[in-house]
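These are the structures in question, set out in turn.
Each of the two complexes below includes subunit A, the first together with subunit B, the second together with subunit C.
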Partner chain A sequence: MEADVHNTNAPVENGSLAPVDRLRHERSDSPTPGLVEGTEPGAGQDSAMFVHAQSFEDLTADDGEQEQELSEEGTDGTLETQEQESGESRDGGGESGEAQDTQAEEEQEDEEAQSSGGRDKEEDVTSEAWRRHRKHVFVLSEAGKPIYSRYGTEEALSSTMGVMMALVSFVEAEKNVIRSIHAEDYKVVFLRKSPLVLVGVSRTRQSERELTRELLYIYYQIISLLTLTQLNHIFQHKQNYDLRRLLAGSEHLTDNLLRLLDRDPGLLLSAVTCLPLPSSSRDVISSSLQAAKAKSLVFSILLAGNRLVTLVRKKDQFLHHMDLHLLFNLVGSSSSFREGEGWTPICLPKFNTAGFFHAHISYLEPASDLCLILVSTDREDFFNLSDCKRRFLERLRRRSAYQALQEALRTPSYSVSQVGIAELRHFVYKSKSSGLYTSPEIPIPYQSEEEQERLMGLYQYLHSCMHHPTRPLRSIYRCGERENLLAWVTSGFELYLCFSPLGTKEQAMAAISKLLKWIRKEEDRLFILSPQTY
Partner chain B sequence: MSSHRVDAKVVMLGKESVGKTSLVERFVHHRFLVGPYQNTIGAAFVAKPVQVGDKVVTLGIWDTAGSERYEAMSRIYYRGAKAAIVCYDLTDSSSFLRVRFWVKELQNCEEHCKIYLCGTKNDLVEADRSVRQVDYHDVQDFADEIKAQLFETSSKTGANVDKLFQKVAVDFNSTAFQVLTEEKGVDLGQKKDAYFYSCCHH
Partner chain C sequence: MLMISPRMAAGMQEKQYTPSLLNFFIYNPKFGPREGEEEKKILFYHPSEVEKNEKIRNVGLCEAIVQFTRTFCPSKPAKSLHTQKNRQFFYEPEENFWIVMVVRNPMIEKPNKEGKPPTIEYQEEEILDTVYGAVLQQCYSMYKLFNGTFGRAMEAGGVELLTQKLEKFFYRYLQTLHLHSCDLLDVFGGISFFPLDKMTYLKIQSFVNRVEESLRLIKYTAFLYNDQLIWSGLEQEDMRILYKYLTTSLFPRHSEPELAGRDSPLRPEVAGNLLHYGRFLTGPSNLKDPEAKFRFPRIFVNTGEGYEELHLIVYKAMSAAVCFMISASVELNREFCEQLDSLVGPQLTLLASDICEQYNINRRISGPDREPQFKFIYFNHMNLAEKSTIHMRKTASVSLTSVHPDLMKILGDINCDFARVDEDEEIIVKAMTDYWVVGKKSDQRELYVILNQKNANLIEVNEEVKRLCATQFNNIFFLD
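Right, the complex of A and B next:
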């Protein structure tokens, strides 16, 4: 179970994901919405940093045979514009419960502002409040033993989980697989990942696929702490093992990951966002990190809060954004790394589910947001990596890049008003080839926790339309009482926009090219255009 | 694992939430953090110089996570340690069972590592004697038996914390004179040379 990861295992799971050295396309100054992948604003100049999923479909493809036959996104190349009604009726064609009235659902969501926040273990699981949580997540073993519950204690829920497992087994006895149950106002989604079973019960409008993908994140979160090899080993020896023993203290990581899934567009889009920084400064930081290398180092990652400053990787080794999100979550949900230099085993499941990497995690300064993660293959290499950090800091300080970085930290985001598009409130833009996205700060009407999650819910909804398994859309425009929404997807990028309800469709369509022009102008600052390797 | 920056490797061991991190925080940063308990992930390393007479001894402290999940990893943290501070919570008798586990492990694998038993959260006991679940004299007997020293500390008030670490540094300093230090942990520089030699001797 201590088998370390060998870096010869290139994580290329899918031919199309191999980050080919792309031909250098001409970088257009005034990009058009029809840009091909690799030339869109934010596309890296050389090779990508990530094993990036080109599309949502790729992301889930390796996790379920059922995804294989899905039609490739946008192969027809035609642009469909869906008005609100037709967009929804299309969705509703599949399963019941999907095409709900927006307004009704929004009201529901308002009622339960309490759903997020701290972990209330004492919660009464027979209460109405417990039932009304927007999204429950349960993890259980195949023997039906509770492993994790988002709300309420696992003990209190053990009979519920027993019933869930009975249900799964009952269906499987007939050589079928239970995937989901659709009821009037909620969905129950099952993810079977032997030796674990994950169950989501959701009252959101997310599709079954999206919910499954969230469960997959939770599964990977558990794997990242234990490795799949160890997990299998445990349950082979003792079928009714109580896994909570080994996961003790990690519940808040899972809680926090679920919160990120509700709020962070990066997890939705399979992308990462960067700290805005002049490219000259970023290049100095990257090259300083590149110079501070060690034999066992595979990835050096500098974070500012939940934003990427830079990532340097071993040549030929690619990080999957899902693994990076797990690292973000690990760092973001624990103050443990603030006390000293952290040294922890971590499995990066999209790289290799069998072994542990060893991560040196530390903040550059005690009260700083800048966190350095050095991922190594050698668990004995702590002091060597500690020295890498020292060398990195020395270089950084000598070149005064540190000041520029501190400066940038003061404005970690930008306001949508800088873009100068009337009625535009917020947007999320993802460059597909780099796997990076940019988004302005959440504007005033959406700043409360509930409103922020509502906005995310709208993006999630758009996203699921754009990535519908059988009928993906290239664009969608919908008017609502509180905002108008537009989503636009090409082979190069994904764009989700939120306008005030006063805007018109013409304005919205015109905003696309205006926004792309702006992003092109700012791409040096907003993206990592020249990723480094060592 | 060894470092040139450090004279003595010290490892903190004990069940989760007994207060290992709080002890290190108190000693290194002279503070006690209130707020929700944050379990340590993996382990955290801090180096802290301690004045012993006219000398400075730098302690390299490994604050390990108590979670069982990391048990398989624990060897790398205590290997070559000069001192182990094995902690238990004075208000939780189950935490003392874990002490016996760690003591056995150290006796089997690190015979040169000095053991310090540390009963934590003494402030709680002082505020209300009835919450004590681990008897002082029982532990003292156990300590005598295994030739360990016993401290009862409070990271909240700071009571006995400096005294504990000071004792670790003093003991290290005096034994460092008596016994020539045992073979050090693997130095990476050395490792490279060794590898080089074995290649040449093929």
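Right, the complex of A and C next:
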């Protein structure tokens, strides 16, 4: 846990640097009066849906706080806490071992299904092609045993990972902590989250902090499969345990998460985007979902691809973005949920690292993009939740909202030309209080995979400048040969704009107010303004 | 350096420490390849008191880091290592010779309740890699200027000679490193040029030609006024480091006597020669002294190709200083020095007062000395020209800046961004303190401007910078 601290919650209290830190919390003196937190376009009218992690700073801070929320519930006995005797009881039939088995099997099938676009593990790890990968990620145990490598097999890389662990321990022996190594065009970032060590090697322009946060995502991805309690338990019993035995078949989840991190602005912004939908339809869907409740149901989530349609939660229980992204990733990387109703244990680490939830995952129709996730605390709840789904669908059909939903699915996004701003190519707008963002579809010059990641890289660059831990900025305008960029962060929102290189500063300034007006006008459709609870 | 925060009450004082040098060492992994012989790899280690095993451990870590990063790029290994407590910078100036500088992060010591040791918070984001990487390279360049390459020392006298040279040079040099006041200017390592009209410039050039003509021994000449360069016959890279030495070490050491009163004992014997104000800054301090020694510092230039060893004669009259460089194979004697003094002294005195007059006219035109209207730093990669209105006059090797250190670091951040791609760019940021910082990069030139116009918007800031460019850099095209 020590590695988590990483300078984030260390307010600088000295004569020369103090003002900066203080000012960071005073973004409300933004030049747009009235757009303070909670009133910006896209801000929810009632309570927020998410844990109040509005900013990047919150996310990298220690996660002790959120865990408390559930610890009460845990003592009530409603949440199953891990009490497995041995991590190796896969064959012994411990209860969560069984759960793991089913999941692992499911995923193995997936892997076969996905084998076409799957992992190319048989890479030569001494080849130039292997070295040139934009971002490597390695996970190892404290004994230096390989657990995961994005490219190349863990076996081939076991000596490299051994060196990584040696470096970590060597620096620790001096009562110090290794953070990163910097070379001319790549960085190596270390994240120590006992009992695991994560290492990223990146040729992107991302800052050390951004890369650390991505490794944290990978760490939570692993926790979501095992729980931290079980993970600790395993390594306490057997230090050089080969964790790949437990994680077999889950590599594609990590692979997919890494792809999302490279492409999805939501993970960068700690926010989620919604399926554009008339608010009347969305309200009907939300209330139908709200009505289809069950005793142990905590969250009901309806997704359209990687967009949120609606989320209904138990009163007083909040979902963290990171947990929601892990759910997105789980659904997005497995095709098996299309076959029927899935039932899988999942730990939501930002909620509670100690226990499993049980998720009922199914598509509304086999060929549809609409996926329903019902999260329960009860391991035996499958049939109850299956019934919830049935009731939800019935209601939806009865109130003819299904039609509207199908309609909306045909245009899951919008083009930037609809906003009508000259030279504006793309933008990302995040409402801080609701934790939701909106962004048009990727325009033509950025449609290839490479260009899309380059655009994302530009946003990552802007984001890391704006959120610098000791020198944060109010705004940045960057004019280059290929595009002009503008970022603006206030207490209410974050805005990132990409203009053609022909755009002028005058146009950029005018674009901000025009765009904010447009978003205000469309906010009913683009955001979830009235989140529901059971 | 320790700074005590004034806001804290006595007794519960918070102590703030600026970055400081922890270790500085030079090693060659090929010198002690066998186990048990690791100590042989170490050619220099500061501080020398460090226990042998710790030295070996620290060198071992550097070797391991460099080796590890070769897994990902064999030709470009690690340049720096970030840890919670410090940063280490690696530089391999000659094959297998590694110089490592370990800088402790700035930290805050917070006192705790009685009996408990104070809490220490390390500020990990304060040090800019580019700045300290440049400082490390400068250390090597300065060593090389006075000692030649490591390789040559090895050829001449083996490890023994090399370690002697390293010890002798770095023992003193490291004490002059002021790590807490390093900034973007160290990254540029530029040269400030003296602005001059054509006539005066031609006068100087013809002066240099005349002297070189009369004293055929002179191989290279460099002419400076007021710590600013006017003319140089050296290669750019050699001039860059020589300029650094002159302006941060030699000139400051000799400026005190001139400022001292006429009767002060510090004032050197200039009397006896009423014809001119010329004197040697290197070599004999008084030509009339029968005991005078005619030894000049040796410097090494063109180490890449010709590899020349030269005597460095620095001769100064009023604010004008000239460096004459003569092959080290020639023995310099009293006769030569007197000849040089009588030839150069009167002419240089005259020239210096000409330049001074010109300088005063220029100053009158541009208005009296006051806070500059624009705070900016300009650097041209092609001729190394640099200009800063942010830095006050340097005292010894410390330069003071007139802006908040955080703003200087934002300049550094923008510079890092510019360095990444070879494209023209412009970046305008508004800091949390509402200061605007503008960075422009165009065709090898970089300009950074700090504006304290808190209520201005992007367009007004842009206009302001345009105005600056029009007055100061009217012939340079910057991307708009």
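Convention: the second predicted complex is superposed on the first by the 444 of 534 C-alpha atoms of A that agree within 3 Å, B and C clash if a C-alpha of one lies under 4 Å from a C-alpha of the other, contacts with A are read in each partner's own complex, and residues count from 1 in each chain.
What we mean here is this: contacts are C-beta pairs under 8 Å (C-beta built on N, C-alpha and C of every residue); 3 or more make two chains touch, one makes a residue touch a chain.
What you see is a predicted model; the values in this text were computed from it and never measured.
One more residue to check, A:R179. First (subunit B), second (subunit C), both or neither?
second
Pick one for A:S194: touches subunit B only (first), subunit C only (second), both, or neither.
The answer is neither, since A:S194 touches no partner chain.
Mind working out whether A:S400 is in touch with subunit B, subunit C, both or neither, as first, second, both or neither?
neither
In this superposition, which partner touches a larger number of subunit A residues, subunit B or subunit C?
Tallying touched residues of subunit A, the top partner is C.
With the two complexes superposed on chain A, say which partner A:S448 touches: subunit B (first), subunit C (second), both, or neither.
So A:S448 meets neither subunit B nor subunit C here.
Please indicate which partner A:E481 is in contact with in the superposed arrangement: first for subunit B, second for subunit C, both, or neither.
second
Between subunit B (first) and subunit C (second), which, if any, makes contact with A:T411: first, second, both or neither?
Once the two structures are laid over each other on A, A:T411 reaches no partner at all.
Quick check for you: in the superposed arrangement, does A:Q236 touch first (subunit B), second (subunit C), both or neither?
Neither partner.
What is the shared patch of subunit A, the residues that subunit B and subunit C both contact?
none
Which positions of subunit B touch subunit A when the two form their complex?
Answer in residue numbers: 1-3, 16, 21, 24-25, 28, 38-46, 61, 63, 65, 67-70, 72-73, 76, 186, 188.
Give every residue of subunit C touching subunit A within the complex, in rising order.
Contact set of subunit C toward subunit A: 3, 5-7, 14, 16, 61, 64-65, 68-69, 71-73, 76-86, 108, 121-126, 129, 404-406, 409-410, 413, 417, 420-421, 423-434, 457-459, 462, 479-480.
Subunit C touches which residues of subunit A in the complex?
6-7, 10, 12-17, 19-20, 23-24, 31, 131, 136, 160, 163-164, 166-167, 170-171, 176-186, 188, 201, 205, 208, 461, 465, 468-482, 505-506, 508-509
Touching subunit B in the complex: which residues of subunit A?
Going through subunit A, the ones touching subunit B are 1-2, 225-226, 245-250, 330, 334-337, 339-345, 359, 379-384, 386.
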